[in-house]
Amino acid sequence: MIWLLSITIGSLVAAGAYLVMQRRLIQLVLGLALLSHATNLMLVASGWIGDGRAPIVPGPGPVDPAGYVDPLPQAMVLTAIVISFAVTAFLLILALNIYQRFKTDDIDRLRRLMG
Amino acid sequence: MSDYLAAAVLLIGAFFMLVAGVGLIRLPDVYSRMHAATKATTFGMGGILSAVILFFQAAHVATHAILAMFFLFLTAPVAAHLIARAAYRKGPGLAPATRLDEYGPYLSGERSTSQTKNGINSHD
Amino acid sequence: MSGLLPLFVAGPLAAAIVLFLVKGRARLQEGLSLLALAANLALALALLRETAGGEIFIHRMGFWPFPYGILLAADRLAATMLCLSAAVVGASGLFACSYLSEDQRREVFHPLLHFLLMGIQGAFATGDIFNLFVFFEVMLMATYALLGFYHDLDQLEMALKYTCLNLIASAFFLVGVTMLYAQVGTVNMADLAVKVRAVGPTPMMALTALTFVSVFSVKAAIFPMHLWLPSAHSLSPTPVSAILAGVLVKVGVYAILRCATLIFPAPFQRIQTLLIGLAVVTILFGALGTLPQRNLKRILAYSTINQLGYIVFAIALLNPAGWAAAVFYAVGHAFLKSSLLLGAGLNQKLTGTVDLDEMGGLMTRAPFSTLLLLTGLLSLAGIPPLAGFFSKLFVLQAGFAQGAYLSTGIVLAAGILSLYYNFTTYQRLAWGTPRGEVGGAPAGMYASVAFLAAFAVVFGLGARWLHEWAQLVAAQLASPEPYIAAMRNAA
Amino acid sequence: MSLATIVFSLSAIWILMKGTGSAGDFFVGLILAALILRFLRKSYHQEKSFLRVGRIGRYVVSFTRELILANIQVLRIVLSPRIRIRPGILAYRTRCRTPFGVILLANSITLTPGTLSVDISEDSQTIFVHALDITHPDEVREAIRLGLEEPVIGAVE
Amino acid sequence: MIQAAVQIGLGMLGLSLALCFVRLAKGPTTADRVVAADTLATNILGVIALFAILSGEELFIIAVLALAILSFVGTVVYAKFLERGKIIE
Amino acid sequence: MRSLILSAIAPIVLHLTLVFSLFLLLYGHNQPGGGFIAGLMTAVGLVLQWVAFDAREGWRRFNWPWDKIFSWGLALAAGVGLFGLLKGAFLKSSLYEFDLPFVGRVELLSAFLFDVGVYMVVVGVVMMILTLICERRSPRRRRQ
């Protein structure tokens, strides 16, 4: 299963990097969003031990932790997802602001506007 | 027994999902692809979720699955309708084999009336 | 005392919420904000006194056993940094009360300021590396909002650049956490310190350390990652740029220092040469970057880059003398640079410009504010009785004691360059042909600038005292065992 | 639907979702449903339609049959070696009178053999249906009328 | 028995996902891509449901429901954007 | 261009979404879910209303003070954390049980109140973002 995660992370990073290098702001924002998804996935992958069972304990009583995934990276990734959500929202609003003000989201043209 | 039933239902469901994928590739235009995508995926999800119900045999799982199924049956046609409408308004793009189109005339009639309508209250 | 540690995080948070709720009433909001900042400063000073004896305070959030859960920890370094942030943010808040008086957006300025303070102080106080990330993000998010405050294209572009760079840096931070977690399976700093030592300085660990250094060097504006700093400093509102230069970059420095002393002492030996090289390039780049500038805030921004190079150079020497020099430098620079930036804002208020050539001849027209600027600039240049001189002196001493003659020589040469640019700046500012009208400025602005500038003198005259304290901090950093034991044994 | 129906169906959904049906849960569900109603109070119109439980069963049976037929047809078309379809869009004048009925009919059309509703006209009397095989438009219309429209009208009008 | 069926089903769904990706890449119109993305989302719902059976973890069904809602809203927004060029009028 | 089908389905979906999000909120502490995802579900349901109708109709129906909801939610979440501080440690959670008429025994974990705070914050933030995006059309902004 871990190779599937690796391939996914790799393609997300590739797509994100490609998008970041494009000329339009929206592509930049989406590319950054993809990059942060890739890192979140990587964080999840770092806790992948055992058979990959969801770390939810069925009830009271002792549980053998062998088959479960490490829950700590999942707790961390939850925080990271919230953070990347917030930052992406902020970036989108920033890009929208720029677009509405200057009627373009082409980075080259914006640079020319700046002089 | 229910295990076999679940397996059978599951396979039927998964098979129809595959049919949706194949139809998406093989059919000639957006609308006919949508036929495949909408019908086969809802049916396929129905099959898979029925298999889930049969497998777990617990009330709350069953209700969640039924809710999900209900939701899919409710929303898949709506999504298809919206996409089809948007696709047609963007440019019909009907397949060459198309025989009949009664939507185009209606739409052009509506456009002209709605344009005059818009002309009156375009400032609201 | 350790029970009060979360107040450094929760206090600003509560203050921010309360300020957000009283949004409509400006006077009340400003009063409450200043009150909260003063309380925070008092708390930080109390903590500083408590930690002087070398005691380490740990606060455990929730009820989790040792390597799990969220820990807040305060040793001498953290207490120093907390004090510094409280003072600088407090002065900036006071400055902002008068500076933003006509600005409509000021009603959200104070809540955001407290969010920023929460992030900064959380980053200084936290005891695990993932929460360092979280507090970094809280801090950055507040900064993003504060930077997007005005809506020029320049400012929007700067905010976009800053946000994108920091978003990528955050992604790499997570990559670093992942690499670390995959190797040792913990994020608690004390636990990490033990387990990383057990793994030893493998190439993978060195790469992990390098990842962290490159992430922190975005915050600390070290050479290849410094691009955001000049425009962010010069285009943001003055109180924000004072905080950026005074405290925010110190968060990056603090994180590098923690990594070097506590978490990755051995892997840092492997990347020491690289770090020293980068620091030297940063020093040169910052010094050269000031030369073509005409904008006072931009000059100060490049000089910040220059100074951060010194601090990182001192850290990268990897011995207690260097760390002591770095702490001394960081504290001195925080007060100095924020006083200078606030002074630039004050002058902007008086003359309506930050362009050096247009505000010439200030000495005759606004002597008090110019004197305040003069103190800062002279200190920055490294004139003997002021703090800047001793900062550079200790760094050079540590460098020569280490035997890094070549790099220290270059650093010395760059110091002469900085002497030159500070003098020309001052000359252009104070003695050019007078032109234009000079307005007035509220007393609060003078007070905050004077408060910070006084430290430049105090730290210069009392350099021995501060250096002793810095050596105490460095001694504590050099032997991390009590820190680890304290975290382990926290109830 | 009347507000009481909404409240009860919401709390029923709530109980089903929780999986354990006790009186307390039902009470909690009622409270939550009331909260939701309070929250959404501005979006309820005067429009009402009545559900006839007996007829709904007929509709469901008919709908399920059509759904299975639809999928077999899709299967046949998609998996045949050469795709030979004559698609087209036809206008279908519905006899449903309530908006809810029209919408239910349109949704059902989408899920049944060879047809997909593209749009509803402004006066909600005409449904535009895309059909995969339109050699005989009137046959398609007749199929919709018998297979779907009658049960829908029976169920909700 | 059922585990084998799940494996086969996952294989079918994977193939279907690949086909959807092909349509997503090929286009030719945006509407085609939206349809492909919608089908893709439904296929992923199927994968999650099958994964619930495979791992015996009933909680994934909640994820199916949540994701169904999200994908519906996503498709609606995209269709609206396709038609009007803006989403909220 | 409104779609009749969508505008008929959207309220139904909203009801389902709200029930589901309340389910996620109330059962988040020992099942998957919690304030964040519940808030997102609610927000998604609400955003669908904006899409299905228009901004004016959306604001007419849901004219709630989203910024207030945001800040009170934040206050609630932080308040629970500070309350834990009174009991020994920041964010320490505590469990209360009491009997209510009709409902039976209720366990109130203070983490639940924290979740409610997070829920309010998320809904508030998403709706505030929506406000920013369709700023010109929203009567709330225009009035200010």
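A, B, C, D, E and F are the chain letters, set down in written order, and residue numbers restart from 1 in every chain.
Everything below uses one rule, namely that contacts are C-beta pairs under 8 Å (C-beta built on N, C-alpha and C of every residue); 3 or more make two chains touch, one makes a residue touch a chain.
Keep in mind that this is a model prediction, so the values were computed, not measured.
The chains that touch chain D as well as chain F are B. Of the two chain pairs shown, A-C and C-F, the one joined by more C-beta contacts is A-C.
Chain centres here are C-alpha means, and the one lying farthest from chain B is C. Averaging C-alpha coordinates per chain places the centre of chain A 24 Å away from that of chain F. Separating the centre of chain B from that of chain C, both taken as means of CA atoms, is a distance of 56 Å. Chain centres here are Cα averages; for chain D and chain E they lie 22 Å apart. Chain B and chain D have CA centres that are 13 Å apart. Among the residues of chain C, none is found touching two or more other chains. Taken residue by residue, chain D touches two or more other chains at 13, 17-18, 106-107, 117, 119, whereas all remaining positions touch fewer. Chain E has residues 59, 62, 65, 69, 72, 76, 80, 83 in contact with two or more other chains. Chain F contributes residues 31-32, 36, 125, 129, 132-133 to its touches with chain A in the complex.
Only residues 56, 78, 82, 86, 89, 93, 96 of chain A touch chain F when the two sit together in their complex. Touching chain E in their complex are the following residues of chain B: 3-4, 6-8, 10-11, 13-15, 17-18, 20-22, 24-25, 30, 33-34, 37, 41-42, 44-45, 48-49, 51-52, 55-56, 58, 60-61, 64-65, 67-68, 71-72, 75-76, 78-79, 82-87, 89-91, 93. The part of chain E that touches chain F in the complex is made up of residues 59, 62-63, 65-66, 69-70, 72-73, 76-77, 80, 83-84, 87-89. If you check the complex, the residues on chain B that touch chain D are 16, 19, 22-23, 26-29, 31-32, 34-36, 38-40, 42-43, 58-61, 63-64, 66-67, 73-74, 76-78, 80-81, 84-85, 88, 94-95, 97-104, 106, 110.
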